[in-house]
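Naming follows writing order (A, B, C and D), and every chain is counted from residue 1.
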Amino acid sequence: ELEALNEGPFTSAAVKMIFKEIFKASLDLEESNDKKQLLVSRKVKVEDTVLDIDGVRIGGDAPPVVIAGPCSIESEAQMEQTAAFLAARGVKILRGGAYKPRTSPYGFQGMGVDGLILGSQVAQANGMLFVTEVMDTRDVEIVAEHADILQVGARNMHNFALLREVGRARRPVLLKRGLSATIEEWLYAAEYILSEGNPEVILCERGIRTYEKWTRNTLDLSAVALAKQETHLPVIVDVTHAAGRRDLLIPLAKAALAVGADGIHVEVHPSPATALSDNEQQLDFEGYERFIGALQGQLKQPVGV
Amino acid sequence: ELEALNEGPFTSAAVKMIFKEIFKASLDLEESNDKKQLLVSRKVKVEDTVLDIDGVRIGGDAPPVVIAGPCSIESEAQMEQTAAFLAARGVKILRGGAYKPRTSPYGFQGMGVDGLILGSQVAQANGMLFVTEVMDTRDVEIVAEHADILQVGARNMHNFALLREVGRARRPVLLKRGLSATIEEWLYAAEYILSEGNPEVILCERGIRTYEKWTRNTLDLSAVALAKQETHLPVIVDVTHAAGRRDLLIPLAKAALAVGADGIHVEVHPSPATALSDNEQQLDFEGYERFIGALQGQLKQPVGV
Amino acid sequence: ELEALNEGPFTSAAVKMIFKEIFKASLDLEESNDKKQLLVSRKVKVEDTVLDIDGVRIGGDAPPVVIAGPCSIESEAQMEQTAAFLAARGVKILRGGAYKPRTSPYGFQGMGVDGLILGSQVAQANGMLFVTEVMDTRDVEIVAEHADILQVGARNMHNFALLREVGRARRPVLLKRGLSATIEEWLYAAEYILSEGNPEVILCERGIRTYEKWTRNTLDLSAVALAKQETHLPVIVDVTHAAGRRDLLIPLAKAALAVGADGIHVEVHPSPATALSDNEQQLDFEGYERFIGALQGQLKQPVGV
Amino acid sequence: ELEALNEGPFTSAAVKMIFKEIFKASLDLEESNDKKQLLVSRKVKVEDTVLDIDGVRIGGDAPPVVIAGPCSIESEAQMEQTAAFLAARGVKILRGGAYKPRTSPYGFQGMGVDGLILGSQVAQANGMLFVTEVMDTRDVEIVAEHADILQVGARNMHNFALLREVGRARRPVLLKRGLSATIEEWLYAAEYILSEGNPEVILCERGIRTYEKWTRNTLDLSAVALAKQETHLPVIVDVTHAAGRRDLLIPLAKAALAVGADGIHVEVHPSPATALSDNEQQLDFEGYERFIGALQGQLKQPVGV
């Protein structure tokens, strides 16, 4: 061992201390080199990336955005009611799933292309952007045709083929953190998209899997703070999936905005009890009024920790 | 099977629906009975418990408190500098460990009774309360003699003998959530204390163990929201142990206050680099100035989600 | 509350007990209905599914299989050496990745089609089956052309579009459990494949994410026992990714076989130190000799808990 | 940065490589020093520690032991029936809790000293050793008076005061891994006991907390393999708490013995349905017969990976 060979003027403790310092310096060197290479890193691009999608600004000095809408697109009536309601309350981005990732193959799988067309038309008619999930590399083209923002869901965050494909699309991408992805893996997933030439990525924290049973997932706001610090990308928080229960949406949204999130993602449905998916956690219209009322103060001012 | 026996006028689906309703009703009944029995529950005591410890109010409509001080009590100079510095900035509660829970038996184990005396004297001299951890049922009496608030640490949250013993002490108790305790277990740990006759418990969330490596623990602010909702006790957040890194303290403290925490717990040391424990995460004085400056707006107003 | 309304001849406790019984009956009813519907369930198919792939039998009363080969297909020399070595030791199934799921877009992504051709030729020349991962729905056809078994990796276990597509392929599928998938989700992922008409699924446990740092993942052998119990499908264990370190491969493989696994998956490379991926955990040839020697007794006898 | 200063004959890559080597050497040095100091380490004591408690040998070349008995000591009849039944089947160590760690303060807390006396008498009358849990430093003396082996439960693995106190007792200690303790923390907990002068520690793995819901805990057999490799202490596996369900006890016990465990811990009760604690997971006598029958082959031969 090195220590045994040490016969010189320094004590073993001193030698160890020197080694430690060299070790730290070498780690810092490694790290700075690695981060230099990542397109998502603030070391590569210091200033915030601010998306401007048909006039809707996300990130940087823009005030926080609200992305709202039903879990699944189910019918024309459902979408029109929801969009009209939300648009009247200033929401600029309508969400709604046409392709649904369901644990069981026998669950409702979404309306598919019909859903895309419906979501797109309703959003446009109400002066909103339309964001929807894409799950298959073969669907990226058609989804990009109808949607203003492509969502990569938590279950596909490690689907590298899909990440590359949305990296080649000419649409901004909303990238959810995986069910139990590390922050590092999440940032690398974003890097997949940027490395294919698409710089418009919005990161979305939605809670991670833990042993805790009173919530569906455990919202990790440290991840939001770290993503804002280490990258230049906008970061939003999906409070609906983080909590999995309506009674936590207001406090968690307040916390998310306080930690510096650039926006909030929340599911809203005209009649959650009869929804075809996620009916325990979507807000009804009255619930949304209370929700958004509680956040008024925070939503007016620009983000900035 | 029940279904096979069903020959009556109702379809199987209808029968299933009825069973489901009965099941839910029975669960609600169970739950309401269980919660009725718990002394920590809002069903037993609707209004917030507000502690008043020699004039320092915690919980309810009191503005958020700051509990600050070094991880370990190390010397008179260290404690006097820290207390004077913090007291001058309005901090009313001084923390400092005399008995230290250390992973290794060869780590610094704390100054023991000398530390208790020192912490108590310095706090008093600066007009502050003194909170310190107790780890052994046999030490509860002596710690209660010197401290104004007894801390039960995360590693002892499941130490039921200790919980009972502090439940018999005539001192408020700061009860940290266990390293991977469920919210339910945490509330039951508080119930142990209340059930022994001590109603003055402050719950303290400090992050839980997850697979994530960029933070020491994952701060669970849903737990804060749920503890505030389900119990009448004050809830504070230990941002130091939640993050395990200094660069997250400000955003996490902002989020904690936004979610409705009744206070913030943070470690401050005159010279963190030479501290005998936790030297990667304690704030120095300059760091504390920045920290508290960033929270000014939120600290002035009473809590209330 | 129900209790308050109870004026009848029964005590509240009795009423509660009755509700509990009804609740349990309704749950059992639910569960038995749900499980009845699943094609993977033993309630649907009592006897073990035994695959016979060109004479190689997997599952049921067949002795445990060994699936071995390098993490990535890197060169002709590498594959030929490995296949010849393994075939001479009785291994019937050669693994090797042509498409590699890598955390970073800048990591080695695999040889693609050239890798497929190489792996297929080398396997055939040595009288072995070839198993390789498919990551993109668009690649299922070409991979199925060259491979005898299609692997769905842990990162794609929730990629439902891919599950459906391999469900339409006429090849057996090796389905790894997701990084933090529940056992239930894993079985539902298999159900996606069966529900598309492909009954030949091999489940593969490969460890799950936990807070533990001394291993890359935590091998969950309860999941193996439960998958064997609840489904009729063969279940194998990937010891390489479970442990992430060579020194645990032998004890974990012994445990896996003892718990009832139908086979072992292990990575072997002629020169792990220079491998293009996973070089900390692949076995070299000498290591494999020791590994397989230690398992001899268990590999000879048919599985059966 | 170092790199910027590099003007010499070496490329940056070469400099980085050298730093990496130095870094690794320094880490190895650190590690070897740290491990040298730990009394639990195989580097300090190469050969297995074999306990001999009144003729019952545990660890090393001894055949695996079975520790069995009810969760809680409830009555004389219960204990006598169980002990007679188990003793007749060769079990040498009787377990039974006199002090019970219960999540709720209103759960059955154990018979206390009466339970100690009862357990001790019944064990002795049947020629068995008696192991029981101690939860309070103040009880160590009285428990040591009646028990042959002191158990430190999972909830107290981080109770350092208790670890020290059992380290001063003249009784072997069965040390359960904490609910979510890392392997490293578990070994350090054992070190606490050894450092106080008590070398007779039996490590007991009992599953860890994960997100998985079909089992109460996730049994971590890698931890058993690593504890056997890194320490010289005997390691046993508590299958009852690992699984939390009876149908997994046999396969998990087989796996535990295959991985090299020095014994199995299992709960047995004359009438589990009416037990005062853990009634979902204890075996009845018939269940125990099946359980032990399934393990016969493995229990006869000495442990050894």
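In this section, a contact is a pair of C-beta atoms (placed from the backbone, for glycine too) under 8 Å apart; a residue touches a chain by one contact, two chains touch by 3 or more.
None of the values given here were measured: they were computed from a predicted structure.
Between the interfaces A-B and A-C, more contacting C-beta pairs are found at A-B.
A repeat of the A-D interface exists among B-C, C-D or B-D. It is B-C, with more than half of its contact pairs matching by residue number. Note: centroid distance chain B to chain C, computed from Cα atoms, is 42 Å.
One finds 30 Å separating the Cα centroids of chain A and chain C. With touch defined as above, residues shared between interfaces to two or more other chains in chain B number as follows: 180, 184, 209-211. On the side of chain A, the complex with chain B involves touching residues 180, 182-184, 208, 210-215, 218-226, 228-229, 242-243, 247-248, 250-252, 254-260, 298, 305. Only residues 1-3, 16, 19-20, 22-23, 25-27, 29-30, 32-33, 180, 209-211 of chain D touch chain A when the two sit together in their complex. Taken in their complex, chain C has these residues touching chain A: 37, 101-106, 135-139, 155-156, 158-162, 164, 178-180, 184-185, 188, 191-192, 195, 209.
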